[in-house]
């Protein structure tokens, strides 16, 4: 069937037996995620009396405190380094509807008079299932089940449900409490010559697996959350890294850049680095005091 | 005749018999469409007294209510997620003249003092007729009718009129009422090596058909409206997807990205995701209340 | 002589006899042209009393009226659709000096307090003379006249003068009165592999001629004015299309996109679509009334 | 020695005898140059009383008058056409320190309350010495002097000093008084396939010489000043053209675009076109009067 | 082991014996570095009374004075030339946490009411250890120690510690006091054909060494500090050059551009050039006096 045909790149990889399986890896999804990067209007803020500042900070801290952990998910606040923004909210929620609510709540805070949106990123926590995909696609092919037939669809649905159940903690994780966060969006290259989407699925699976081995070596030092954003935002994926030592971000990403999947197929967007600011620390962050002395 | 010559890509596709037919697929057009993405000035809005807000919302809701369904077409309002805009108007109209009127009417609302245009997109609902095109072009070629002769033009005109009549509901559709909308513009690649516009029309038709099969599998979950914007805006097409579950946007677009026509030839612009806000819900949306508690 | 050498692309075209003629096609020029895209400050405008608005509109309409047709050229005003601008002035003048004057006059209007420049385009009406160029270059080559010699320069000068005289109405045209205008800038590609400027002049002439045949089929429906902007603005050419039905813009540009010269060598900038607004209609346009009802 | 090795492009050019000479052409430098493109705040300006305007213009004209010709260099003011800026200052000075002073002086003018920086360009007048470079490099190679040895350095230093003495008028030129100026920045392409910096120096010299022949044919009509900006600004060179008829800018740049060095290796930035405004004409320029009548 | 496999470029380089070593060069890191480019609000500043200016400058000079040299590192202030910014702070600190503090302190200054962030750059001082890397990787390979095994990790850790100790002065340097600074970010190209990250490590080491030889010839005239920013900011590296004569920036960077590693693999961002302004000179810089005369 023609939709299952994958275009072969000219530079052939290892020989591949079954080419009649669909090219699309299965994915499972968890939390809806919104990153909001904001600039803080220091000049206007400085004109306020201390009592006014306190009042505004108290309201914001109270709302943020509730958002930090609630029935539907969690939110976190970060102090960004550099001009790309002063504050970044990260919201994990059950749905886009609730993300929209979180956004409207933040916009309703009096603190928002001192915030202006710089940029944002909309995505959902996603796990790509290359291995399970090839396994189930191959089983179904061996059994002669036609792709996208009712039987095929049912088997895929069951696989996804089983995986989703097993992966629940990774799909609905707690927002890590590490001191530093690094966020960046990325694409897989669709160049005229080097095009990830025309590479056979088995070869993509091999490269992704190799890539994962590097990540695993950093398991104790950095926590990684991958979100998918095809159809939601301007890059295909968003990556959040959490660590107590920011140097690990550089070490990890530099090492990964030599993996075939990154070296050849990864395109990166803007990088944001922030320090976690718990709701209770907001006042201190916005004090902006000139050092005594 | 030379204008009917299509340039052959170096990597030849399946052998093609009739190369003397013009390369341009016929299209038929329906509603003129304008997307208006707006930022909302929350800071200024918050300075208003409740009575003022009510008055402004009432005027806007009344005008929007009329626009939602009228003799010339329909308009819809969406609450966008993220920094790309707060509100998005989608206008379907009989002509660009009426779109311009809709735009001037929105600009005339008192609510517009709190709106600033972020971006916009101008296009017309379009159906590409690859299959009918090849059929009629081939028939005419067999009959020896020269391309662009009077007889040829008359036959094409009749084909278009017949198709337009048959496709009327898809050219002048109702604006779907689904909870979520995803809008993005796109181009067909004209790379130095991979160039959609130099691929023979039969091969383009084959790829578009394959692409359509994927879409059809999502028929129950997502509604798609394609608009053409060559000569009107900065990308060649605009795509609107409507669904009750936004996850379907990702599933559909990801699966399609592996189609040859998307993997090799599609370039994507900015993605916008919004939640439908009926005119009667505008007040609630702009309340922007801090959650109690 | 080495400067007359044209670099051969690797994919050779039809055999070309005389390669010793210069690669530069002759051009003749007419009106200096400035497009000014402006945003209108609706919020500030709405704060004015009706009498103030009338006064400002009257001054602007009077000046625009004079500009619409005067000794040195003409100006036209358009209501743009979408966020790229609200108003667009198009000025045809005898010189850049007079364009600068037109610009300063517009900046001097009280209406300018409500206008902010969004973008602009500076160019001159240009006719490319591929056919005459090859004819005269070949004649001179046959006669053994060395390129850029005094005799050669004199012959070229005479050719240009003759052509300019013959083409006068197309170089100094009236600004068409059609309801719709479409403006966009464009380049000829200079890619690493596909490079218009290294294609032999005879092959360029052939492709441009083919391209012109498409345009001619739309002669009754659309009027086209080509302006050259190499050395003046950021693209090489600016194109103005005028029509009563805007759909023709899409039909024409889409059909042309399959011409070899467009498919392979054209790069397009931003597209602007506007509705003509005669000086007498300015008040109506800026009324911005909310529809009654 | 390895640093003198030039990478060979795959499409080999004419055979080259001596490849052991360094690839870097020598350059000599003159005036430090700053272009400042500014927008003029017409709206704020119009609120001033005539007497205030006169006072502000008088101060600016007095300072500009001094800058037009002084011990350290010269400055010129231009009225730009289009939205890229209203005014452009061009400063020629003995050092970057003095450019910084010129910049601070302009910022200190009361007129600066009505100016906002749009863009700028920092560079130094530069003469590339391809011919002398190959001559001295070859002589030294023949004499067996190792590149970058003390003897080599001394010989190069002497060559540069001699050239600088001889070229003094072109390194420290008077700012031309022509009516029109055209400024644009440019790069030499470093593409994956076509890369100027890997072309052998002899071939680069040949192409630059060919390029210069075109320029020389326009000698009477246009004056050209080349400035180098590697390490100073975002493009490698800045080009200023001065002429009384702006059409010459288009003719010259279009003709040059077919030279191999431009067709294949030139990348162009933004183009700015302005009319000279002597200090004494500033009041007239900023009058911004609506035409009587 | 597959992760150690480096992809071979098609144009093979010198034969390479040991290909089983990992492709990632070791690095050691020192100071955390933040560049803050700011625009100065001259218009607002000019409205202040001299006493107010003095007060604000005194506070800023006092804080900057402390920052110029303190326990945790140093800060420097530069007067930028051109529109990209008026002032640039460069902060060297022990951690990102302290950079964030420095940033908040600057934001807390009254002077910040007259500063707006234009851009910034976040990085850490980095030394790439190509030579030591190949040495230790080869030794370990010869000894049969598997990459990333415990023994391997221990040996690498010891190497890094030894190098870090030896290189301490270069990792925690004093901020040079030269008159001029040039800052720019850069990437190594990952093109479809020319891709630094798929070049064998021995070949990369060879090119980097060649590159270093050029730099060493400028040792007396220019001081260079390389910072790494993978995972921190939008380019892979940031380069600071310090010199008393800014012409040296151009000479050095131009000469390096012909190195294979730069010619083929370097991509450059925006260039910033500034003059050092010691804390005691701030008042003079912000005086912005119109020259007497």
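Order of writing sets the chain letters: A, B, C, D and E. Residues in each chain are counted from 1.
Basically, a contact is a pair of C-beta atoms (placed from the backbone, for glycine too) under 8 Å apart; a residue touches a chain by one contact, two chains touch by 3 or more.
These figures come from a predicted structure and were not determined experimentally.
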item: Centroid distance [mean C-alpha coordinates] between subunit E and subunit C, Å; value: 46
item: Chain centre separation in whole Å, for subunit E relative to subunit A (CA means); value: 28
item: Residues of subunit C engaged with two or more neighbouring chains; value: 192-193
item: Overall pattern in which the protein chains touch one another (line/ring/star/complete/other); value: ring
item: Cyclic chain order when read starting with subunit B and heading to subunit C; value: B, C, D, E, A
item: Residue numbers on subunit E that touch subunit D, as the complex places them; value: 42-43, 46, 79, 81-84, 86, 179-180, 182, 184, 189, 191-194, 210, 213-214, 217, 241, 246-247, 249-250, 252-255, 257-260, 262-264, 270-271, 273, 275, 285, 287-291, 293
item: Subunit C - residues contacting subunit D, complex; value: 2-3, 5-7, 22-24, 27, 29, 34, 36-37, 59, 63, 66, 96-97, 99-100, 103-105, 107-110, 112-113, 117-122, 124, 148, 190, 192-193, 195, 197-198, 228-234
